[in-house]
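Chains here go by letter, A, B, C, D, E and F, matching the order in which they are written, and residues are numbered from 1 within each.
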């Protein structure tokens, strides 16, 4: 249910604390390397657990989730692009860059959703973790293709080399490698060894997530200053697009994949979330004409807080309603 | 009891190891970001635990501790200033800057005292954690006021803007925000969620403290080279002032607040300790005429090691004596 | 037994993941400070556990291990030097620098061997931890002496000052101080206090090792580009020297020290491993004429992966064969 | 390429915010910050630490008129807090010429 | 000592690899990289963060002919991605003269 | 403002202590250190790592006489360990003039 108590999950409270600290202009700062370390830890932790769960099930049964992830990964950025180009009516290069962010996913939002499910004691399927790993990259490719179409004619040799590199980068992105690699290790490592390393990832996981969200709260809050640059219509997009994504995700999770409430919520969150770590540098390289003030403010300053505070409990209610 | 075994607490041994490593000019070094990360962890850990304890008690019962903390926070820097200006006879701006350090508190010393109580298996009240958070800021304000008085006449418009900013900074200081914020989260977060993040802060707490003190031992030891600059009388102040503070703290804890041995020790430690993380940058901005070589050497190089090695067991014996 | 399942130890899989990530040119990167933090943690953890174990035994019984460690520490670099100067026939200054690396030890390899023993559930003596601490420094001295001999005549006053400093540095090296210091603390700290900090070092140890090896896998992989510079004969040395070291270590562990399979493996690993953290900067200062591309590529790019993937299970089989 | 003044400022981390406010006021739109620097000067040794008392290196390329305004704005700050400000000549590589 | 050109480039971290490839191609053998820089310019504020959108400061000392080639190679990159490239004169202390 | 020499030195982190000892000996009272730099030169690529084999960037502003002494002191170090030392001209903004 959408109630106040959902917001009293420590992870979300720490996000709010970071947001507030920055609002009152506190000098609280996280060393950037600490944030990187925390996100490495979280990705490895998600991966290992996901891998262990997946090892228990028939690989064939995962095909549906894989196909759905690819569908969402290629489809969502196109929907976002059409909305941006047709309705919000911003230029096509910025539209392509923003679309790539919304087609991809945010591991931070995903883990917050897991913390949420934990707190309401609802179990979830293990497939969404693979979907998380798969959905990181396709949107980057789509963003690139859309930008090349928008630029058409200017695609000289240099442009082609850059595109080739970006496709490589999209699939060898650090988060993708960490997630898939840890998943594989979780699936194939011998149990004795795993049981020695799991306490590290179990005992600390939710605590580390709190510190990560504390810092992300500060980062999100720092973006508020750029709201003017973004403009009202685009800010509305930052709320509406996750709702559209969530609706598609809910449908995919519930009807297409037949997941329970937990799994359906996670698919909704994947579809609703926008990347704010892996995609920004990729888009900066691929579409230098696009403004980071736009795509970062939207994904980190609008959609991330919206999903964490309002979205997750909302999508959860919807998933419960579907599962009635 | 004041015995050798007290000094064999791991946290204190790691402090000594750091001190020694630097003395023999080892190339052992902590990345500065690691130290920042450790201190963020410790503050959040103290705050969460404090908040959970405080949630169990009647808020009204905390009023005494709050008032006492404000009294100590505003009173101690004045005592320190008078001693420095009248007895040690250093210039008023340096006196104001040093006074601010001794009026504020050292979370590192506080946690070492908790480790000490743990090791002798003595419980403590939960109020001192609020006092720690409250006592960070007032001394900064007092230092500022004293410096403005010392400078009188030079207070131009620019000076006023700086003062206004510094008052803001004193209350939105990173440590204050982290401590109060985590305390609030510890008090209001839902229990299921808290139980997921607490293992992180329980399992690691004392181990992290050891690493933090290892580094602080190195930092303290690095200050020894500046002892000449500080001069004998001021070095004596670095020992006498914590003793005065401790005496006042013991009286406050035992008679005014009616705490047991554990709580009384903690109040004594708050009053006896000098800030070496939050106050130095504040004083550098507020009183640029004052020498960091003086205030840092005193707080970090003299008083901190004194409190950790000699002070805590000494104040503990005194608290036991009072409680007879 | 040398079987595939040995390679499925998570620690080794993470090493492989890092190696692969770098091979496919992923942008995955660890902040350098994180690696430093992980290695500080590992050294303190090894030290504390070693110290606690050693506190239980008669100090006199450790003399054999100490003498053996000194023998290996002084003897192995001389063997390496002779091989390099006579058989591989590289110049004497590079030979001296490389020899120092192979005479010293790699704590990372040592801990991986412990993870290996854990996974096959074989116990080990506690003496090898002292040997690890002792064997860090002597090879640095030998490297220095060999280089001075190679340079003979050029040893002016400045040269002597540098040598004097390097001997100091060899014994006050950060890893040596951390290891010996933590060992002492593990041996003398009061048990109540230790029991409060141990969970930190127990719960996380193997998980931290995985992250450390993930990064070291990337570092090792980065060295592959320099294989051309190293040349085939020297690359062979990077495989043969650990085998020679392991043979000597096996003999020392089994016959001289009378250790069981676990302890014998660890002595073999100490002798077989080459330093890639503590010795490189020492050799860069002591023998600036030597090429880091050679000594780092050999120790980090060849010998470390060889020991982790092939060496440890191989030496273990040998230790089992000896113990038949 | 056009000739510009290259201003190099070393100040304490804690003053950075104030200096940037001054630059904003003057209308300087471009600068580069290298954080976590150390150093030594009249006020002793400084290095990055948990106390945040390290230095920051600020580089500004601008025309001479603006440079003069920056220099005048820096003088009281340097007097109050110490630090160093060096000015030299450089050529700015303009991309569209 | 010999006179050299001192080129100072500020670019985004993510472009570093490309710029170094260009330098390799030109045959520049020496450069110094200061990572984790921040700054402000036409494209807004940049600082080191988990998104890796910080700046990098590249310093190259080389002779005038090479400097000209570096400058020409940098122009399209600066046009595309922004950043700054300053050129000044310096004397290189040669150790063996 | 007074004219000064601006000396820029790139050396390995591990040599920093030695170079500072030389500067102390010469009587140089001010310098700025930028740690954690990388680079490439005759001795190959260097970057910050757990081995501590990264570079350090040292900037010294001083008068010409002292600059000459610094240069002479650096020559043997550069010969032994490599690195770069550039000298250029700058104006020092004096705060009290």
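Quick note on the criterion: a contact is a pair of C-beta atoms (placed from the backbone, for glycine too) under 8 Å apart; a residue touches a chain by one contact, two chains touch by 3 or more.
Remember, it's a predicted structure, so these values are computed and weren't measured experimentally.
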If a chain touches chain A and chain D alike, it appears here: B, E
Chain separated most widely from chain F, comparing mean CA positions: A
Chain whose average C-alpha position is farthest from chain B's own: E
Cα-centroid distance, chain A relative to chain C, in whole angstrom: 40
Whole-Å separation of chain centres (CA-atom averages), chain B against chain E: 45
For chain A, residues contacting two or more additional chains: 31-33, 36-37, 203-204
Of all residues in chain F, the ones touching two or more other chains: 34, 36, 48, 76, 88
All touching chain pairs, where touch follows the definition stated at the start: A-B, A-C, A-E, B-C, B-D, C-F, D-E, D-F, E-F
Chain F residues touching chain E - in the complex, by the definition given at the top: 8, 10, 34, 36-42, 47-48, 55, 57, 71, 74-76, 78-79, 84-88
In the complex, chain B residues that touch chain C: 5, 8-11, 13-14, 17, 20-21, 24-31, 33-34, 37, 115, 118-119, 121, 203-211, 214
Of all residues in chain A, those that touch chain C in their complex: 31-33, 36-37, 40-41, 44, 168-169, 172-174, 176-178, 181-182, 184-185, 188-190, 192-194, 196-201, 203-204
For the chain F and chain D complex, residues of the former touching the latter: 1, 4, 6, 29-36, 59, 61, 88-93, 95-96
Chain A-facing residues of chain E, complex: 12-15, 36, 43-44, 48-54, 76, 80-82
